[in-house]
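Notes for the one structure printed next.
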Amino acid sequence: MKKTINIPYGSQHIALLEPVRFQFETQNEKIVGVKADIGYVHRGIEKACTSTFEYKQIPSVVARVCGLCAITHSLTYVMAVEQIIDVNVSEKAKYLRMLMVELDRIHSHMLCLSHTAENAGYEALFMQIMADREIIMDIQEAISGNRVQFDFVCIGGVNRDITDEIVKFIIKSLNELQPKIEDIFDMFENNWSLSLKYKGIGAITKENASIYNALGPLARAAGLETDVRAESDYYPYEKIGYKMILEQTGDIYGRNRVRLREILSSIDMIKNILCDIPEGNIIEKVKGKPNGESVARLEAPRGEIFYYLKGVKQAMLDRVRTKTPTFSGIPAMVEIFKGQEYGDVPAILASFDPCMSCTAK
Amino acid sequence: MSWFLALFAPVFGTLVSGIDRVVRARMQRRLGPPLMQPFYDMFKLLDKRPMMVHKLHIVLGVMHFMALWASIALFMFGGHLLYIIFTHLLSVIFLILAGYSVRSPYSHLGANRELLALFAYEPILILMAVGFYLTCGSFEVSVITSNSPAIVSMPLMFIALLILLPLKLKKSPFDAPEAHQELCGGVEIEYSGFFYEVIYVSKMTEIIFVYALVFLFAGQNILLGIILVTGSFFLVNAVDNATGRIRIDHLVKKVYATAFVLALLALGWISYV
Amino acid sequence: MKKIETNSENLKDDISAFYDYKIWHYITVNGVDLGDKMEIQYLFKKYGNKEEVVCYFLTMDYEKEIPSIVSIIPSAYLGEGEVVDMFGVKIKEIPKGLLLEEDSCQAPLRKAQ
Amino acid sequence: MFEKFRKKSPWILHYNAGSCNGCDIEILASLAPKYDLERFGIINTGNPKQSDILLVTGPVTLKSRERLVELYSQMPEPKVVVAIGVCTCTGGVFRKMYNVKAGVDRYVPVDVYVPGCASSPDQIIDGVVQALAILEEKSKDIEKPKRLFGELTNNSIFTNRREMAKKIKHEKN
């Protein structure tokens, strides 16, 4: 009989940003069983949204569900509320919202890539990507005034306008960023040690991806065509040159490629957005109390964010339900881990880009 | 002179490690810590309250350091090369036993990996000693260092040693036994305070041991020795900054497929000529 | 959002007749407290189709037990576990304690307390 | 004698006690080239037994409080705790939610509070540097975590029992 070692991974671990606990049963470093415990970050935001805060305050509360995709949380909530109380947002506000979502996607993907590189033991690449990521952080600071938790959207529009100087600054910075991303792309493609670490590791088939309802880059790397940007008419994504990005391999290498190509396509989209921002108000007046049910979906960096709202003609909502991408991704993650080597676990986990504060809320 | 070198080997190792950290930071476009940073770390560790699991763990850690220091001393006094290699082997075995003596799974995995890495590099070190015997006619370090440079007659053996360098210095791509992101340091995870200092110093001493082996290839030519050591130092750092960590099974395979074959070829070459 | 009513006896049959993993993407299980009853919603979307969300829902008493759909959709255990934790309802073979500690507030989202 | 070297080589342990990741990614950013915490000699160890500074982010959730206290007690003295972000200091927007208690200082003694949502890397570096000055003054006495276990006397995480027993005797007198 082989000796089984139980390796606890988390809730505090050097390679983890967030508290999640995996319990790996390993035989000679090969994983035979996984248990996941995800409740460390549960704070009770859904309850607070229906008992402490009024519906107009909630955009900045749900932003604190997750710092990485804060903008998508508040934006999805705002979209759901606007459906109930019938507010028509101006085209300009829609373009500004898209701009922020795409910037957020770039910085989140770069963080994920750098983290994947570090957990594969490649410290120099981590430092390089983090240094390049500061360009995007500067752009976000210029537009919204804060680096991470920018409460940019509000019900009826956005909070801050964009000026010509900022537009020039963004275009200059993005032109700077593009060759750097291509360098990093080259590194992920051609480095000998990274190819040993990434190719064929942590793979999931298209079949399994759809059985376990994987989302976002995790599913698109396996060839499953799921992207809310292509499944929604709310934002004019087709007009600004959106293309769905698919890979067929389904391993860490494929996920990295999806992320890198999405960064490049987001850069193109942002340039298009800046070229044809229409004129108009950035914010509409909001009246009335929400009454009825609505759902809203949006493509966050990690996959689909889903909000369900129910209002009963009061300032407090009756029910706010958040479904976040990592929450749907966990069954697929647990499935992928089986049969892998323990030495690959940090890199695989980082390549999922899990967000536990989203998951537990 | 040799007394001086043997006694202060840990100090020199710490200095080299300080330079190493600065060079690595500069290669990553950072400022990096001050040059004397490893000394500060060591003085701070002296001042921490130790929290140890049990006494055997402490004893094994201290024995690891003493055996390593003894092997350095043997080297500096010009001793027998095989004795030196086996004393070094003994010190690594103490470390592995220390890893197995506590119940932390990370420590066990680290010890497992350390053992596998030992199997990968130890045969090559022994082949290297045999190579020195064939070229210089003796296992004594003092004889080897008074001969003409051995690198001329066995360059392939030197390349094999270069492949081993990242493994011994715990640098990528061959740092799987320590694996900061997977095992948080592996065998050293349960040490703390003064007793972690012992492990920390022996890591520094290991650096001297490795570069002393590199120096041995220069024979009596001290200038050539210095060039070899600095060259390999920068080479190791450059490789460290251009690769990720490979898995432990890949590590063993790659080391056998390259370094072991090179060492055998070098021996064949010497015997043939 | 298209809403289709079902009940706890027919739930498994309805969903297994409806759900095909190649066409439908299971979004989540949701619970809404109606005051004296619970509404449990099962939400799905169609791949590659614009703005189509289908919702199967059933109403139940607090004390009743409903079957689990894990045998049809293997990844549903998380969503069901969350509903169990948040509302204190009973679903077959789904344990409590996914998110809550033993000494934290039990069934926090239930109104009648 | 070695006190002054404490502040030249602080090793960091980071624990996320239920934050929104905003502060965590800023900690990561401050280790990266633009801000580069390593120029103060700071390393992110990830091993409580070898670290000096505990960086806590997040309003402590009920599930993570025990891990926080355990990590804190596994760190050998002298040590300092830095609370990063407004929700770590007071509870912030999460205050009065049912699964969090307001702030980290209910469980472990905090030395430096860093405000901000999310704290920018500049603030984090400033907070850590202030913590270094406090680290220099601290003694090697045992500091107890608060409230959760009550008295931490017969807990096995204290391996140095003799010292512990001496301390208890001293307190009784």
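Each chain gets a letter, A, B, C and D, in the order it is written, and its residues are counted from 1.
Definition applied: a contact is a pair of C-beta atoms (placed from the backbone, for glycine too) under 8 Å apart; a residue touches a chain by one contact, two chains touch by 3 or more.
These numbers were taken from a predicted model, which means no experiment stands behind them.
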Contact-richer chain pair [A-B vs C-D]: A-B
Approximate Å spacing (C-alpha centroids) for the pair chain A, chain B: 43
Rounded Å distance between chain C and chain D, as computed from the means of their C-alpha atoms: 40
Between chain D and chain A, distance of the C-alpha-averaged centres to the nearest whole Å: 29
Between chain C and chain B, distance of the C-alpha-averaged centres to the nearest whole Å: 58
Residues within chain D bordering two or more other chains: 33, 45-47, 63, 98-99
Interface hub residues of chain A, defined as touching at least two other chains: 13-15, 39, 42, 44, 47, 127, 131
Of all residues in chain C, the ones touching two or more other chains: 100-101, 105, 108
All touching chain pairs, where touch follows the definition stated at the start: A-B, A-C, A-D, B-D, C-D
Sites on chain A touched by chain C in the complex: 38-39, 42, 44, 46-47, 50, 210-213, 224-226, 230-233, 293-295, 297, 304, 306, 308, 310, 318-319, 321, 323, 327-328, 330-332, 360
Interfacial residue positions of chain A with respect to chain D in the complex: 11-15, 17-19, 39-45, 47-48, 52, 60-61, 64-68, 70, 111, 114-115, 126-127, 130-131, 133-134, 137, 146-149, 355, 357
In the complex with chain A, residue positions of chain D that touch it: 13, 15-26, 28-29, 31-34, 44-48, 58-59, 61, 63-64, 67, 71, 87, 92-94, 96-100, 117-118, 120
Chain C to chain A touching residues, read off their complex: 1, 21-22, 25-28, 30, 32-33, 41, 43, 45, 47-51, 53, 73-75, 77-79, 86, 97-101, 105, 108-109
Residues of chain D defined as touching chain C within the complex: 62-63, 98-99
